[in-house]
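Both of the next two complexes hold subunit A, though its partner changes from subunit B to subunit C.
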Partner chain A sequence: MRNMFADAPRTTLTAFYWAFLLYLLLPLTLMMAMSFKDANFVAFPIGDWTLDWYAKVMQDKQFLEACLYSVMIAAASTLAATTLGTWIAMLIVAEGIKGQVIIFALACLPAVVPGMISAISLRIFISTIDMPTGTAAIILGHTVHAVPFVVVMALTRLRSMPGNLVDAARDLGADSVVAFFRVTLPYLKPALVGGMIFCVLLSIDDFVRTFFLGGYRPTLPMLIFAKVQGGMSPEINAMATLVLVVTAAVGLYAEYLTRRARTR
Partner chain B sequence: MVSSNTTAGYAGGRDASVPKYSTGIAKVVNSALYRHTLGAAVESRIGRVMLLTGVPLIWLVMMHVGPIYQMLKISLLSHYPVQPGVESRFTLDNYAIFFKESLYFTPLIKSFIFATTATAVTLVVVYPVAYYVAKIVKPEGRSKALLLLLVPFWAGELIRTFSVIMLLANRGAVNVLLREIGLIDRPIPMLYTSFSLGFGLVYLICLYMLLPLYSAIEKIPSQYLDAAADLGAGPFTRFRRIILPLSKDGIVSGCSLVFLTCIGVFATPMLLGGPTTVLFPETISGFFHGASDKWPVGAAFALIMLVTALITAGIFMRLVGGKKRSAF
Partner chain C sequence: MQPVVQFDNVTKSYGKHVAVENLNLSIEAGKFVTLLGPSGCGKSTSLRMLGGFEMPNSGRILLGGKDVTRVPPNKRNVNIVFQDYALFPHMSVAKNIAFGLELKGLDNQQIHRRVSELLELVQLQDYAKRLPSELSGGQRQRVALMRALAPDPDVLLLDEPLSALDAKLRQQMQIELKSIQEKTGKTFMFVTHDQEEALTMSDTIVVMNKGKIEQMGDPNTLYGRPGSVFVANFIGETNLLRSTVVGTEGDTTALNWNGVTIKAAQGGLAPKAGDHLYVVLRPEAIHCSADEPTSGNRIKGKVRQRVFKGNHTSLSVEVADGAVLNALVHPSDVAQLNGEDIWVGWKPETTTVIPDRHAHN
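== the complex of A and B ==
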């Protein structure tokens, strides 16, 4: 049965997959390679190699401050988004509440509004409530952005939860708050940890919301954007490579966690 | 799930004679403060409903609907932010400006052309990859094959855009390579053109297409394909009659996601585009930076964009998606 002809689509698809992977990885690999170039202009071929740009980046106060600022904003918005997202998911699966389809649609709204428009509407919104641009506004914007993803992740897990777990806890005398914290929350934990890491990456990655809601203190993407507009230098490559390595490691870890949660 | 000693603590949560436990939530639950506030609240049905619905509903109405509502409101005002001495009145002029000036009209059309083309290209390129991972790779290897594709996804919007410059610049990898093998004498200007912008958009968003397509194709039972093959259907017929119709849901959600993301991309056109590729987000942004008096116009334009983008996505869903419609 097996002949060359029957295998042709399979071989083509395999080749296509690897070509696509190469396409995905090539620009990033080039970007990383360029960070080792021993010259202060960005151009191929690379010629001499150096680690000087990394040394320079690690001493760059602006970069370190931007890192710290980004992490702080990510932590705050993740905490807020996880709490709110879980709460909304609990409301959607609750029995005896009407209009759950509408609540779900509202919860997903920020995920379908294009990023630019979401940023503009938030900029207008904070001005109508007299909130200044800056840290608090950025955190609010990132939280709005992240909530739909937490809701969807928490819902997926909640739907797979046997209903009698909470019933059993209630029969044994736990009130609904206790049942939530002792039974539902531990069950949700794997999904929430994956969701939280996703929120952190969303926040660290976000450019457009920060651009409209931020003050003068730059977050990481703002800093890189400003530097790229100011002129190319392998220093930016070194900066981007550092950020890429850290976020990719965190992302892979999140993948591993959600995968483990699913198989359990 | 619940260990016996803590259960006793909960059972007697409102009974002072029951020994108090000093760890974790039991301590909180047994405290007088909890028993008189939250503990008492959840005793009644109305209390439970309030606790469950209060915060989520306030958040959803305030933060998910609020900004869009405020944007709509301001787009209908003649002046905003309010200045002393200037009276702000209701007007539709902000919308009229859009239709009067081709200066504003063209970027929106361009935005739509770029987003639609990028979506179509992404679909065509990513579909075979998704099919390969879902159906040809053995089940054990699937997560690895998928994970390899996800690695660049974690690089983030700005860094991925930036990395495209390395490839397409005048002294970037492609031009240098072509010159080395003697195909060209001088670099082909690729950066800051429609090409580099399109390339960057596809590079940025192709993974948003992958996951919906993958999960739709993976759900198609392999027996269907075997049965069709037994009945004499060739690879092309199997694809057209079975795989394509059954992966429709994935195509619809992938395309909508990619389209809506593409429309709202702000940094990529600014880094990879040139003067001829000014897209609508950049136009809108101009009304908010600089002359602050133009906010109502910016709000009106953002709404025009939102409505046209959602209508386009909606029409597409109707055309391809057919009858099956459900939010869940």
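== the complex of A and C ==
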């Protein structure tokens, strides 16, 4: 006969596992469920189901504009962060440059500074250089935040790159610029694609920095925040659900890409 | 004729460590030249300097008579086959080979023609669209070779390109490399630490040791007439008999080796009585017999060890004063050598002598 006490640790572990999953998923599930509720307020029970809230969201000009604005900022800051991050990573692995450890530490700093501190310091910085709050300032802030992630991802890939690939390109007649664009960059591509997607998600998601640096035009998180202040409604749930689904899809795609690159 | 490659008193050091010291070397066009030497003797450094990847501290490097010492790699008409091939992993076989051609500014049609021609040369026509990761080691090797040959370099540099292959494939590639070299008429500068490889393929072998050239010559000369103890030991197996000159008659020298008198050809050394010399005696030059040979050098000895090696048997024979000679015996001769006591003999003209440098300085 099996002793039920012998199984106790296992059972407990399994129970914890399910409890943890529930804890992770319950709020999200609730949020999604409420977005289909046919009533004006967020509470149980859900009597009737509807897609009206989604229809409303899709026609909400403010929402669409905020989406577009967020995407624009994400695209700009991703482009800037990827370029900068790749360049810094190349500097760090380059031969004959001193202080590479310091460059690396400085490049990684924005990733570990608390968002609040980073936001305040950025705000002080832009007012010091007389830069107005608004789009440019937000892009700057998001770029600074995203660079460390690009640097780390690009560095990891660069360090695994056989040293003589570039030598081979140079040997076959490429100058250092051609060698970079035709050999190093394609080699980095999987890491950079992953890094870029990560940058986009970071930017879309960012609230604190945007809040400190933004002007009057709201990004998506700011718009949702404003709406929540005005009272919960299933429309907000629908918005959040849409954002969740899109970002999750993008995130999973990024994961798929990096996995495929790793098996190559 | 103008040599394609000239190293003119080239020295390269890393910090205090001198990797290549006063290298003087001229290479004739169309030759298969091998730099041979133990690990760390400066072979790769020499090759990388010729490729433009290292700058000499002093001296000049000339390509086709032009000083290229300060010319960057992409402006030199030499190409390297790297030890680990360094194929571009994101490009197909055809793209890899086309890389150098595109940068030379050839048009698409010319590129296509040249790539197919080269793929045909190594029977890889069907692999043009594959990625390097989808090829075997030998195939990668061939693609790397063709990629380097494609832009039609003055000299092709090969840095131990066969060392990643297994023994069988390696032998096959040695023959293939040599035949490609002959077909294309290119100058090949090949680096290896494997003396057998060097003997198999080269027109000229340059033996290097500690950043300097020890000896240079065709394989026959290096094997048959090594100029130093280092070369004798490095190329092939050998018995080195440290002997004292007793006297000379004509062009043969009489020497005393461990109390035994032996004769050897002088090899242009003009030795005097009392000089110390090394006699280089290759194992296959020794003839073992049960009865005393009638001519040449002969010593009585005892067989200490027999090692069967398939196409021959290797004997260790103890002769005078505990000295041991290694000899190769043909399978048909082994049967008559079953006893312990045998005679070893060799003809004086099959040996060569090397001065004992340490005795002089």
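Note that in this section the second predicted complex is superposed on the first by the 248 of 264 C-alpha atoms of A that agree within 3 Å, B and C clash if a C-alpha of one lies under 4 Å from a C-alpha of the other, contacts with A are read in each partner's own complex, and residues count from 1 in each chain.
Keep in mind that, in the parts below, a contact is a pair of C-beta atoms (placed from the backbone, for glycine too) under 8 Å apart; a residue touches a chain by one contact, two chains touch by 3 or more.
The structure presented is a predicted model; accordingly, all values stated were derived computationally and were not measured.
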Determine, under the contact definition given at the top, whether A:90 touches first (subunit B), second (subunit C), both, or neither. first
Tell me the contact category for A:39 with respect to subunit B and subunit C: first, second, both or neither. neither
Quick one: classify A:164 as touching subunit B (first), subunit C (second), both or neither. second
Where does A:178 make contact in the superposed view: on subunit B (first), on subunit C (second), on both, or on neither? both
Could you look at A:64 and tell me whether it touches subunit B, subunit C, both or neither (first, second, both, neither)? neither
Contact-wise, after the overlay, does A:120 reach subunit B, subunit C, both or neither (first, second, both, neither)? first
When the two structures are laid over each other on chain A, which of subunit B and subunit C touches more residues of subunit A? B
Which residues form the common part of the subunit A surface touched by subunit B and by subunit C? 165, 168-169, 172-175, 178, 182-183
Which residues of subunit A touch subunit C in the complex? 162, 164-165, 167-175, 178, 182-183, 186-187, 189, 264
Tell me, which parts of subunit B touch subunit A in their complex? 1-2, 6-7, 10-13, 25, 29, 38-39, 42-43, 48-49, 51-53, 55-57, 59-61, 63-68, 70-71, 74, 81, 125-126, 128-129, 131-133, 136, 143, 145, 147-160, 162-167, 169, 171-173, 176-177, 203, 206-207, 235, 256, 260-261, 263-267, 270-271, 281, 284-285, 288, 295, 298-299, 302, 305-306, 309-310, 313, 327-328
In their complex, what parts of subunit A are in touch with subunit B? 9-10, 13-14, 16-17, 20-21, 23-28, 30-31, 34, 42-45, 84, 87-88, 90-91, 94, 97, 101, 103-107, 109-110, 112-125, 127-128, 140, 143-144, 147, 165, 168-169, 172-178, 181-183, 201, 204-208, 211-212, 221, 224-225, 228-229, 232, 236-237, 240, 243-244, 247-248, 250-252, 255, 259
In the complex, subunit C touches subunit A at residues 51-53, 72-74, 78-80, 82, 84, 86-91, 99-100, 103-104, 133, 147-148, 151
